[in-house]
Amino acid sequence: MTLTYVLMQNLRRNPLRMGLTVIAFALPMAVFVAAISFVVALARVGAHNEAQLRLGVHHKQTLTNPLPEALRRRIEGLDPDRARLAAVCGMRWFGGRVPETQNTLTSLAADVDTFHIVYSDTDMTPEEVVAWQRDRTACVVGRNPATTYGWKLGDRVTLESTVPPYLALEFHIVKVMDNAERANFFYFRRDYLDESRKAAGFDDPRCNIFWVKCRSAAALRSLQQDIDALFAHTPDETKSEDENAFAANFTQAAGDLPGLMQAMAVVVVVVVALVAGNTMMMSIRERTRELAVFKAIGFQSSRVFTIVLGESVLLAMIGSVIGVLPTAALLYAFPVRGLSFGPISGLEVSWVAVVGSMVISLAVGLLAGIWPAMRAMRLHTTDALRRVA
Amino acid sequence: MALPLSYHWRNLLVRRTTTALTVLVIAVVVGVFVWMVSFAGAIDRTMSVASDPRKLIVLKQGATSESNSALPVDEFNKLSQIDEIARDADGRPLISPEMLLQVSLPRLRDGGRTSANVAVRGVTEAAFAVHRRIRLTGRAFSLGEREVIVGRTAAEQFGGLQIGDVVDIGYGGVRGFRVVGYFTGDGGPMESEIWGHLPALMNASNRTMYSSASLLLKEVAEPDAVINQVTGPAIQLAAMSEADYWENQSRLMQVYRFVSFLLVGIMSLAAAFSIANSMFALVAGRVHEFAMMRTIGFSSGSILTGLMIEALMLALVGGAIGCAACAVWLTAVGHTKDMFGANTFTTLAFDIRMNPAVIAKAMALMAAVGVGGALVPAIRASRLAVVSALREA
Amino acid sequence: MSSADIDVRNVHKIYHKDRIEIPVLMGLGLKIDAGQFVVLMGPSGSGKSTLLHLIGGLDAPTSGSVRVGEAQLETMSERQLTAWRSRHVGFIFQMYHLVPVLTAAQNIELPLLLFPMSSAERRQRVNTALDIVGLGDRSDHRPNQLSGGQEQRVAIARAIVTDPDVILADEPTGDLDATTSGEILDLLSLLNSDFGKTILMVTHDPRAASYGRRTVHLEKGVLQREEINANPRGAAAALAS
């Protein structure tokens, strides 16, 4: 027998109370691990974007005002040695809808020569790049729409644009992108778009945004200043943002789910701390005499403190395990893939989230246990042992 | 026989710590719930205003929202064929041609850290007749001038929209539009917009086509019949009621709502278990007392009721604190939120306010949670066999 | 086998409750030789338990000196008192105060966790204690499966498992019927006669008092009188007769 054993047995004193507490602790922790998984996924996307060093240049007033494609050359002209930027890719919004559905894909027409450089995270092999450059109708598809509509490499697919002039174009899939960050995207060639538009009577090659692949974070910042300065006070006044800042505008507006998740995580921690604290206080109150006997036997006050604190931590960990593991298992078995809106493309549980949840529970156990432990420690032994009158 | 409320109150006070902690759990859950319900209420209010049954929105076929619809003028003109459209005093049909632009403005609530796409609507005088709930507060823009009026919610939530400010709208050449007045729309979606004179805006943005048209039908008109006429071979445009249009756009909000209520639901369940826990503890030490009361003559039903009253007191106090905390949060941290329409690419701004309906819902929730949680311990306590309880000295 | 003598001199103990001073012991003196079985009696509230607590180092006197064996208690800090107590004192209470979630054997083992010893050694000591109190067959029962008398035996076993010098018993038979009381008192007497433990027992019961060699009466905060019992009851007497 060890003190840990005594601790565990103490928790079994009142099984009903333990059961209720564990449930009241586990439910919020289930919410917590889901929310934290979300936040972790978000952080991952953020880190990825930061590493990609892409700078988005769009019209200052609004993204929907397209910029002349000639701006690309002027941006490139800022750095002829390519010391700060590696390449510039102009993109135009297509807003293609899958026929017979209401679903509009995040579909963009990109410059054929620089797309795979600026979007190096599409991981296109040299063969795939050749295919992209050889076929006018080439397109690169994210794994979410591919899964949803059953598209495979080599398929021909059609999208109907939801922006004027509402062209319906056919594409040939030369790559399906595997990674999570590009999961919801659909890219094709801007020269194909411009030709089609011209054929429909709209000869006006423009870009909604230019993505600049920078060589370093410092280069990104300096280019950001220089580009906006270059076009200030012109009809094509620009606003340059790094990818995370750009995305943040949408995140805020698309329901601010990250904000919701973060708020929920905080609420959970508060609630479980209260739940655990409540149970521990109730438990201590009932055991004043027993704890006094521990001291009478010769257990130091600090030891009694540790025992009570240990019970609180154990309680928290049990509740946490019961809440976190099933939720993690559920998310592992059924990850939410195919989120077509919002900042992340899917929700999977990550080990970081699970471990993080356990650590937080540990902290909550400690926090909730401190006051009961101090009360137990400060117990006046002789008062507590006073005979039942 | 019923016991005085002060008896129940005192019982709760005796177990100060348990009571306090339980009350706090309830308060937190209720506080979050109130926020969610207020937000949902704000969405509902906005959408309900945007559902004038006599209004139709006409778009280019294939467009999913006004933002990506390009309506050529000649096709627009065909709309005057429709008889069912209401007429103004001079007999002209109430058709409002409109063109949508966007402008990126800083959000006031995060100090301008992020920007929102705010809708700019080019309108003619017809708009004020068709959109019946729009009311000017102050000047209107002068016809042909580069002036705009700003919806109340937009002015409150986004930067640079005060009277006298110049907003950069449009494209190429001189673009500034001066804010000269505000308008309200009974809290509907148009209050998140900026309105200017259609020709001036078309000029500034080099556009030759409208985005959409809004029609006001006669009272006797059948909206579906008119929709058929618009989509039919003569006109070949898309039309839907204003209510349907906005319902489509609110898809994202519904998802957010679902997720948030799911989370709060789970937390409420946890709160119920917490209350059950506390109630068991509150009951445990009073076994004698209940037995005594039974011998005096109180029925087991009255003990049950008494315990329920105590649970309700806990829940009420917790609920009140939660509501108060939410109110403080909304005032101190901010009560505005904006969300994209599903396809509009512009943002709808919401003003989150607590109102009696919200508070009533919150109180109902925590009463349910309190009663639900306390039911089992209370029933157990009331059913105790008197004699054995008395013997447990 | 160890035992210690007890020397209490001029001890005052005043309680402070809500700004009111309640004097309980007022200049009390008491000497107990090592290996003596002393009974402490007196009216309710006379301070019997208080004296017991002072001798056990559970509380400190307001003034005066308390020596138990080689330890001068009033000079020791709480930490020191607690450590000393674990080695030298065994407490027995009226209400047994066993840990309900542990078995009898585990309850007895509890004080041993304070010392560095292997679990095998602990088990051996527990078994010895169980044998002495006569509960070998009930060792894995929980307190709620034991009768009052059995619970008190467990408590006694717990009190002796660390081989203390002094055993302090506060109304050990207060909750037991006559027969069981007798058994418990026999056991205490055995600990005194066979193992030489110094025992100080507080009691109301005159019959219990007859087990001690010496009875002291506590009244108005000091010892009023004292009786010597030439023939104390108990195991030794039973054997002798």
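We call the chains A, B and C, going by the order they appear; numbering starts again at 1 in every chain.
One rule holds in what follows: a contact is a pair of C-beta atoms (placed from the backbone, for glycine too) under 8 Å apart; a residue touches a chain by one contact, two chains touch by 3 or more.
These numbers were taken from a predicted model, which means no experiment stands behind them.
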Practice task
Give the identifier of the chain nearest to the protein's overall CA centre, each chain being represented by its own CA mean.
Solution key: A
Practice task
State the pair of chains with the top count of C-beta pairs in contact.
Solution key: A-B
Fill in the blank from the handout: Looking at Cα centroids only, farthest away from chain B lies chain C
Exercise for the section: Take the average of all CA coordinates in chain B, do the same for chain C, and state the distance between these two points in whole angstrom. Expected result: 71
Completion exercise
Note: chain B sits from chain A at a C-alpha centroid distance in Å of 26
Completion exercise
Note: chain C sits from chain A at a C-alpha centroid distance in Å of 64
Problem - chain A-touching residues of chain B, taken from the complex the two chains share - result: 17-18, 21-22, 24-25, 28-29, 32, 60, 62-64, 67-68, 70, 101-104, 107, 110, 113-117, 168-173, 175, 205, 209, 252-253, 255-256, 259-260, 263, 266-267, 269-271, 273-274, 276-278, 280-281, 337-340, 342-343, 345, 347
Fill in the blank from the handout: Given the complex, residues on chain C that touch chain A span 49-50, 53, 56, 58-59, 78-79, 82-83, 85-87, 89, 91, 93-95, 97, 99-102, 106, 109-111, 113-114, 119, 122, 158, 162, 170-171, 174
Problem - Of chain A, residues touching chain B in the complex - result: 16-17, 20-21, 23-25, 27-28, 30-31, 35, 59-65, 95, 97, 102, 104, 160, 162-166, 235, 237, 239, 245, 248-250, 252-257, 260, 263-264, 267-268, 270-271, 274-275, 277-279, 281-282, 285, 341
Fill in the blank from the handout: The chain A residues in contact with chain C across the complex are 1-3, 5-6, 9-10, 12-13, 289-290, 292-301, 381-382, 385-388
